[in-house]
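Labels run A, B, C and D following the written order; every chain starts at residue 1.
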């Protein structure tokens, strides 16, 4: 380990720029840099737990979504969206974890989205890897990188095909239990039940997670209109808290401002009910003003043409501020978030947190690094006012600014939603195209 | 090494899906997959050189731009844009090389953009790393990953602050020579002079590169209007070929369709002059219909609000087809390209190349993997017609679809363009804001 | 009078194409055409009153707004918006009445918007014409044209500066009374209180109008959020019906679909209260998805840059159908409506009404007249599917599709809203520009 | 005649506000107002001819297009676009003439567009009115209104179906001759050959018009790419001048800025050829950045969904300035122009012309009349900076900002373009829909 002068001074602490080499024997040139307090007594002795942090009002920064980020890097298949890359390409998953850590994340969420056994073998997804293998590999990678900085490991479960196929409460809970067994064996720091469209299934998940004694967070993928059975955000939150979740909120499906609005409604509901909870938000990094209740899945651009909707880093700073002002303290991201989006959240909240993330060594706050650009008119953009006021063009004059969501009005239990192991047949596709045409005509 | 059945059959060859473990001793689970011919005699014995490939009409797929991709991952600073990450965070650079390789790239370009000594110490960029260190590390990483697949290593030089500051031809050439010495010592496969706004400086670069005996490619960052001195694309190309470049074209600054149009003009110029050359194109992954001669640097969104302009994978397929139809055979990308963009190029040209890239194991051609999605209306999107016809919305109703470029009309030799080691002062910034206001008022 | 064969057959009646010459002595060639039933017994003997029509479920088509249409023709000044043209340029007002009649309007509304004495002399508007002169001239012109077809005359009053300046109920009512005296003397067929932002003032107006024994309609310029004191549309409607209005609804301030939605809320309120009424709607001809409670006045484009928002005739047909389906039977327009917009309403409801308007002799339904165009690709557009599916471009790539409304949160009684006779001083303008800057910064 | 004090002082002349009553016997209340010099000696004795005006550098303001304006008012049928309203509804045509006069027009162009005999009877357009009747009525109306102010009468001919159907030069010229005979008998002040897509046919028209000894203007409906046979604007202009036209330029088909650019190219051509001419421009009032060579006919929005493209009055002021700066002195409009658009041209050039148009009594320059608005934030908009900087929203978030033009590549002589008397059959429409589908697929 070697320190590189000069040391920055920030927030009444002298910081120290450190390079460390995780694989130093093999690759002496590999170095990761971050800042730590210069004086021993300023250094946190052991990591604080998630509730310890939230109870003292600390900001906890989450990570971004892995399935979308790794899809773009070539390791996750859109459609099944299953996380086998932890086994097949661990270097890619590890690198993404590191980038989020370096960007300011305090949570390394295990890459176990849709890693329940029923989902892994759905619709012809012939993986030949067991759920257990995948969940274990994901835990190991999250822990490895969490150890490189001030981050906790969270084990995550998400909604199951079993629920949509009307399996019993016991069967659905057994599905969660299988993932949970790995998490406990691997000793994750806390648990997250995330991405639930029906609050009922999320309650079941919380029941199972709660049984372990670990802290439990629960997030639904809903907007201000509530879950797919029209349970309002406030009522959803109350039910989750009563089921045992200490942290509640939303993730995925809607853009940041819509998600903050939804969590506000949850907070009001919890307070009205005389209950107490912490709140969290992990939205999309896509603008979705045109979504209906079901969120971005229904947008015609999902999932392969969402590019024009991607938030800028400045949009992210606005989001972080809005979330903070709404009293939310666990602030992260979901699909579409890249490391620089998380860094923007961390930069916006640098004053509240007392430090900048490591990756800010490569980013001047509010674009100040542009004062080193060769072109003078680009140097003139090295300031907050410029970027705050800019309304960025799409470069797509033949495209609209909003779409009409699809959504066929089918819900839990509908034949087209039932899971099965066989691949989708040509006949089924023809049937779907018919339905698509009909839905379009009636729009 | 273990093979995984079933083996696909494609283009009259039986292919073989292979997993190999580069670091097998340490991490037995780490596996990278790609397809190779099933029969020994179908396997290429040794790698063909760049000219050998192009002379036989083979498609060569380039990689994407590193500075933008790594800026988003937290390893490059926008403003100076210098490539020290090869030394400080090699794991991040290596991972990006691997993703491009996996996506179909045949060229691992050394991450040496703006790695000339004069640029490294410009405007307060206090790196404490020598140009030699950076160039060497970049060569090692490119070679390491090139060895993992069918890719060549290309050493790259780009335009220099020295030229803009009116240094002599000898001084500018000496700057190129320093980078080149490393490339030769590290034995790269061929050389690229890229990102030149003035054909004159590119000619000087070609002279230097040519002296090594390695194949030389040269690309300008110009559009159909020509270089910053108004030399037409056709004339530029002729001058580069006469200077000794075997491959000529454009990179950066404009969107794919504009770049293809520009290379077409170059090709016409070369043919009119009775010369012969191969052609290459490495455009932006941003839509830039509103650019003027100087390209995307002048757009108000550069570099921190370009998100709404990012091309989809379907735009990329259209680009790859257009480039191929124009007779261009070296087809890659520059700023904004992510691995999935290169994969889209490789998928579009799979018939011509005879195989799909490794990363296509995680992507159904034309979105066919969506037939495994849980929602039926998303399954209905698993086909070419859907994505080809979609006009994606920006989700930004208060933003325009085109901007007015800035550009202050200053050129080579102007005081505001001269490089210096000192950081930009507050007084200079104030002067620039004045000029910005003036430019806006007269727009 | 001469008839021109052939006679069309429509809706179980044989129709007769008639030309009549209003000024036949002077200009024998001047002819106006419309269709009437071929058989005497199908011809309506005398005009039915407004309630008679609505009670039998007949569709009544209103006219369009006069101030905006005549502003574009050069006869009304934007800012004061007062209707002195009835006195100074009667030929222009008469012509516009005729165009609406010819387009299908059943109501010639007197051009008396903002023709109360207090408004006429507001803020330096030195007209030298009395309110009585203007109201009388307006009644004469409306009656003259109503006599040329199947239309009724409606006398209209609108909100007063007196109310905004906190004058007493008696004073405000006296202001309405002065206009009403003219209407009664000129024997209009019914009365309309329109364009009220506060339901309280509208109630006062209804009280005054009701005292005459004529049928009374009342429309507020509100949207789904209710009046400026947040009284909901349902409650507003109930109060207006209780005050004595037989017909209630909304006009101006919002686009057609928003207005239909608001009237639906009114209808639900009236039905919930166990009351009975007829419903009317006279919206803007501008798309206003970005409006807040105060409507289009707050949009930055008001009133001189609304062009890109103008509805097409096809948008109008959609509106007419939606209004009809919502149970609204008095369907007209307000600011932005041109004669062809009203014709589109009449064409959409031709089946329900049993005939096409006279002006449809110059318009093929759903664009069918294009089959006579010289260019074959334009002839291919002569059908419903083409126009229904078209998403028209703005031709303005540097403009957004939505704006952020201004609105400074000032309401009735605020110093800046008080009326006075003096022109706005330069000092006042400077004060306003300060406020504008502040409002923008906090947006 | 009665004068109304106070008299304004403007441009070193004391002006006099005059009301006069054209139909005073019938309607004593009908008054039209305009300003005239207060002193006798400042009053122009007789009207100056068109060349006399242009030779002294005076600005001549044209009128706007009649077919589109009267289509919206209900008197012209889109598709055939023929001008029979001069006979059937003279009051409507007269009123539009008056509005343009009042807005500042110096030319009352006879409403004789497409009034050649071959066009009047095309494709089932069964009018039962002779070309002679229509042309005579149009001349009378133009003269009547021209007499009410400082305007000249121009007789206009336009391109013929005969030419498109490959009739001989003699036949085409005979068609023009028939209209011309009426113009001479009615003694118009000068002649305009307008709306020609092929310069050859325009030359033929100029030959015929020139034979009368009247001044001749000629405008093509082309853009910078030249006529449909690719003759460049410069070459077109030279040919027209050589054929005898004293005034040349363009009208219709493209937006104002594109038309100004085209006339600039014409001017350069004429000057390069050592010739002399005056220049005129009468563009669309629609933004058409997305047009190809054939102009707005090819845009999918033509003719029934062009609304979002309509220019604001501020766009018009910019146009008038650009035209003036380009050395064009005859500045008017074509399809889409409403009276307020012409007023905006006249207001922009008020300093150059020395006076404001009559209609400006109802319009404060640069929106200054808004200082009389009741809402303070609208009063804050009463100034030039506000309107100049505004980028108006379309209110249409699901629509694009640009379209792709259709255009099937068929030209003069193609079977689908040949004129015939019979209406278009259902079979022909089916054939056209097939072609439309094919054109779309290959776009």
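The rule is simple: a residue touches a chain if its C-beta (ideal position, glycine included) is under 8 Å from a C-beta of that chain, and two chains touch if they have at least 3 such contacts.
It should be emphasised that the depicted structure is a prediction, and the values quoted were computed from it without experimental measurement.
K.L.:
Compare the contact pairs of B-D with each of B-C, A-C or A-B and report the one sharing over half of them by residue number.
P.N.:
Going through B-C, A-C or A-B one by one, only A-C repeats the B-D interface.
K.L.:
Measuring centre to centre with C-alpha atoms, which chain is farthest from chain C?
P.N.:
The chain lying farthest from chain C is B.
K.L.:
Tell me which of A-D and C-D has more C-beta pairs in contact.
P.N.:
C-D
K.L.:
Distance between chain A and chain C based on Cα centroids, please, to the nearest Å.
P.N.:
From the centre of chain A to the centre of chain C is 51 Å.
K.L.:
Any idea how many Å lie between the Cα centroids of chain A and chain B?
P.N.:
That gives a centre separation of 30 Å.
K.L.:
Find the geometric centre of each of chain A and chain D from their Cα atoms only, then give the gap between the two centres in Å, rounded to an integer.
P.N.:
59
K.L.:
Round to the nearest whole Å and give the separation of the Cα centres of chain C and chain D.
P.N.:
Centre-to-centre distance between chain C and chain D: 30 Å.
K.L.:
Could you check chain D for residues that touch two or more other chains and list them?
P.N.:
As it turns out, chain D has residues touching two or more other chains at 290, 391, 393, 397-403.
K.L.:
Would you mind writing out the residues of chain D in touch with chain C in their complex?
P.N.:
Residues in contact with chain C: 19, 23, 27, 29-33, 71-80, 87-92, 95, 98-99, 102-103, 122-125, 128, 133, 137, 161, 164, 255, 286-290, 297-314, 338-340, 343, 358-359, 361-364, 367, 369-383, 387, 390-403, 406-408, 410, 416-417, 419, 423-424, 428-429, 432-433, 435-436, 439.
K.L.:
Which residues of chain B touch chain D in their complex?
P.N.:
My answer: residues 391, 393, 397-398, 400-402.
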